[in-house]
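Common to both upcoming complexes is subunit A, partnered first by subunit B, then by subunit C.
Right after this comes the complex of A and B.
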């Protein structure tokens, strides 16, 4: 027998017993729209990153010790001693971020092209569940790192769970697996991260793909080409028959090129930037730490920080549910009609606002200007131009300014905390009396220092602050009051303001 | 026949569900706190707030470093104390004590507390969580065991 013929016999043998060819062949030969071009590669790339996650994840599971006492050490072992262990972790970490990004782009494209309309409503719904499954994988993956960020991130999760009315305690216990963040917490998240969530994701991916086969790939939206549920299916099949191209090789080649490029980029990123963490060791008595979540959650961290405290609990608990409901509801709110973005300007605006909101909140979460600079008081220099020409009392005040940790929340010359206003020109806005009152009594966002500074410190501090104003700008006065004369001239200043607003 | 099969599955499933649900739901049950020593009470001089650590009395063999717990001990006057959890009442990040300004500050969202633990500024909905304390044989003891939270005492 010749080799090709033997091969054919073998295929027939398997086919007669499994039906595999009948199952796989349509996956390759089914017709897809001719004009789709490069728009539809993002879903495939997401799937590729997911596959990488499974393969690298299984490898990591053979090396990782899922025990709170040993996990952090085992990661250092993987990074430093296992041959290419660091690369394995780097691939897993970067591919995780890439999967989230690619999924977001895929979702955005589907939303903008309204591909979720009839008959693809459930394609969208399974996609939404995949989104949340993947985000849950990202969060539980951050816990696997079992470093300070993981520990305090769990603390934030526990604090949110605690706010659930009536059963907050129980919810928190179920989340942490016990009364504290400890061994059972990690085991619990490990079970989620390697069994439950990947299992759910694989099932959902299968469903998602089955629905794609059932409903076909949506065409590029054309203004005026509306979706009419009564006739859509028959017309779509007719058009595919006439004008479609087989998935393999026409569309598959573009998927291959894009996925290949993504893979090369991933390998380069992983090799150049290396693995994420682990950060400081997970010892809760090492409190000199500044916990931040991973990238996919920075925007939530930012949103939580910017909420008015009174609305916080309600928003933290209700917003995620509303988010899920709104996303699931999208195809049911409008499952027919126009698909072209040019005919759906409102939806384009919604997508643009969502992208901008997430981007802006991520930036806020990354820079977190609301966080005090914890070592601002001890580490930052006082700019020399705020010291020259000052009286001893004012220089003493500059010292109080540092030692009373004012700098942790207030910046001078751009250095220091941003929680409170920058004080470079505070003397143009507040008089000595107003400054005294503000420091002594504070307000909602500033502690009252009345009990914490003695009167000598307070006097020095206020006298220093009253010198903080740019040249040529008059000091603040109580409206209608005469400026006290003479105003002392600061170095470099040429004119002495006579009254507020006049030079 | 079908009903008999369903009944068998029901009985078997119910028995198997006991350990399954028991394992999954056990952490929802609250365990009792316990007294734990922070060492000699003399290590906490009056007028000062100092850092102290202890091993959580409810712990598992696999907890590792995570069973270590930190707290802030304020000695108001000889024999009078306040023991604060390090966890911010906002979202649980560890607060730090600044002796100069007599404030606790949180690195996450800028919550600040006065030396008596009351809220000074920022998003926290209440003051710092406190551990019950007592002096026993010259040692300062606190009642602990739980990660503190809004609905959860220490």
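Right after this comes the complex of A and C.
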């Protein structure tokens, strides 16, 4: 028997018992619009990244120890000891980010082309559920790293849950598996990350694909070609018969080329930038940490950090609900009519604003210096030009400046924390009295140091701060004050009493 | 369609090429995490790391850093290892905090002494070079000290001295006798203050060892004991 014949017999044998070919063949050959071209590759790329997540995730699950005591060490083990273990983690991490990005692009394209209109409303709705499932996977995946980012990320999640009225404590308990972050928390998130959420995602992907088969791929929108629910299906089928091309190979080859390019990019990213974390040990007593969430959540982090305190509870609890509802409602608010972006300028504006807002908040979340530089006081020396020509008391003031850890939040010469303003020229803005009051009582985000510094320390510190101004730049004065203020002359400056109120 | 065909033709070879080249260099890929190597306690790398994160904020070099510069050897001539280790563990005077385990600090006694030896090896030039001026404060005579101060120090450091008063009660409350001792002995050349045995305006040959003790005793006697003494 010749080989091709044997193959045919084998196929027939399987086909007669399973009907697999009869099931798969129409999937491959179903007609898709000829003009779809490169616009429709993003969904396929998302699916490819999801497949990579499953494969690398299963491999990682065989190596990872999901216990609070061993998780962090097991990641070190995977990175250092397992051949290509670091590559596995890098692929899983980068593919996760790539999947979120690709999904966002896919969603944006569907929104701009209004592909969600009749009869594809539920395609969109399953897509929205997939979005949240994938974001949940990303968040629980961040917890799997069990490092400081994971710990504080959980802490933020738990404190948001705690704000729920009446049942906040119970919601937090459900989330963490107890009142605090512990071993149960990791077990819980592990179960979510490897069983519940992937299962949900696979189910939703299946549903999403089934709906695509049922409703067909939407055509490229044409201005004037409106969607009329009464006649759309018949027209679509007519057009596909006349003008459609089979999915395989016509459309599939573009998917393959694009997915191939994405795969190469993924491997390059993983090889060059390596795995994410693990950062420091998840120990709440280590305060020298600057935890930030992973990329998909940086914009939320940025947004939350900008909220006025009074609005926090309302916004944190209501905004996500509103967001989900609005996203789900999109196809039901407008499921007929024009699809072309040129005829829906309002929706284009909405999409552009959403993209810009997320991009700006992500940047804010990535760069905002919200954490003090915890070792600023002990690692960053006072620059020379702030010490030369100073009196012994002022030099001691510079010591107090380090001793009281001012440097952790205030920079000198560009080095130090950025929580508070840089103090290089503070003496041009504040008088000694104002400085004294600010340090003793605090203000805004600045804590009060009145109880932590005695009178000598305070005097020395203020006298040091009053020397912090560029040479020949006038020190601060109180507008309208009657008496000439005592002004610290710097070496080289001519002693001219500054008359109050002359500035 | 031509572009697509070109891509199709080029994609497979380039993918294979990328995979092959990365497989060949897999151990040297930039993304591979560094193995976490902890420098051995007491090694110069360890000392530099500890110093740079925990000490340098105050004790730097030259005119940088507000407290006595440990990266210059003037200080190491004027202090013993035991003194430095004790200062690291238990703090010193008013503004040097303790870093020892009794206050929840980061260093064990053995680490503190390894740090001291490491710093001396890096910056101290080996042994204590002026043994007669090392160690703790020697008791002196405050009355003699005032006379010496007026001649040797007051031009710069007196109440109306050109570089600011060291008899300012606020200053004296922030600097312990040990701190005064170190300041007189080591000086701070980068900020214009000579060491004890270097020329001073009224003393071309510096001070003698007894005179150092007397000056420190005088300054110590000027330190107000309570807030009420500080009222004008």
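What we mean here is this: the second predicted complex is superposed on the first by the 444 of 503 C-alpha atoms of A that agree within 3 Å, B and C clash if a C-alpha of one lies under 4 Å from a C-alpha of the other, contacts with A are read in each partner's own complex, and residues count from 1 in each chain.
FYI, contacts are C-beta pairs under 8 Å (C-beta built on N, C-alpha and C of every residue); 3 or more make two chains touch, one makes a residue touch a chain.
These numbers were taken from a predicted model, which means no experiment stands behind them.
A.B. asks: Once the structures are superposed on A, label A:274 by its partner contacts, choosing first (subunit B), second (subunit C), both or neither.
C.D. replies: It touches subunit C, and subunit B stays clear.
A.B. asks: In the superposed arrangement, does A:152 touch subunit B (first), subunit C (second), both or neither?
C.D. replies: first
A.B. asks: If you stack the two complexes on chain A, which partner ends up touching A:76: first (subunit B), second (subunit C), both, or neither?
C.D. replies: second
A.B. asks: Would you sort A:173 into first (subunit B), second (subunit C), both or neither based on which partner it touches?
C.D. replies: first
A.B. asks: Check whether A:403 is in contact with subunit B, with subunit C, with both or with neither, and answer first, second, both or neither.
C.D. replies: In the superposed model, A:403 contacts both subunit B and subunit C.
A.B. asks: Once the shared chain is lined up, is A:349 touching subunit B (first), subunit C (second), both, or neither of them?
C.D. replies: Neither: A:349 stays clear of subunit B and subunit C.
A.B. asks: Mind working out whether A:61 is in touch with subunit B, subunit C, both or neither, as first, second, both or neither?
C.D. replies: neither
A.B. asks: Check whether A:86 is in contact with subunit B, with subunit C, with both or with neither, and answer first, second, both or neither.
C.D. replies: The second partner, subunit C, only.
A.B. asks: Looking at subunit A, does subunit B or subunit C touch a larger number of its residues?
C.D. replies: Per-residue touch count on subunit A favours B.
A.B. asks: Enumerate the residues of subunit A that count as touching subunit B in its complex and touching subunit C in the other.
C.D. replies: 377, 403
A.B. asks: Of all residues in subunit A, which touch subunit C in the complex?
C.D. replies: Residues of subunit A touching subunit C: 76, 79-80, 84, 86-87, 90, 253-254, 257, 260-261, 263-264, 267-268, 270-275, 375-384, 387-396, 398-403, 407, 454-457, 459-460.
A.B. asks: Of all residues in subunit A, which touch subunit B in the complex?
C.D. replies: Interface residues on subunit A, with respect to subunit B: 67-70, 151-152, 155-156, 158-164, 168-174, 176-187, 281-285, 287-291, 304-305, 307, 309, 312-313, 370-372, 374, 377, 403-406, 408-409, 417, 419, 442, 444-449, 451-453.
A.B. asks: Spell out the part of subunit C that touches subunit A in their complex, as residue ranges.
C.D. replies: 4, 7-8, 11, 14-15, 18-19, 22, 26, 29-33, 35-36, 52-60, 62-67, 94-95, 97, 157, 163-166, 168-171, 173-175, 190-191, 227, 230
A.B. asks: For a test of understanding, state which residues of subunit B touch subunit A in their complex under the given definition.
C.D. replies: The touching residues are 24-25, 27-31, 51, 53, 56, 58-70, 86-87, 90-96, 98, 100-103, 105-110, 112, 114-115, 120-125, 145-147, 149-152.
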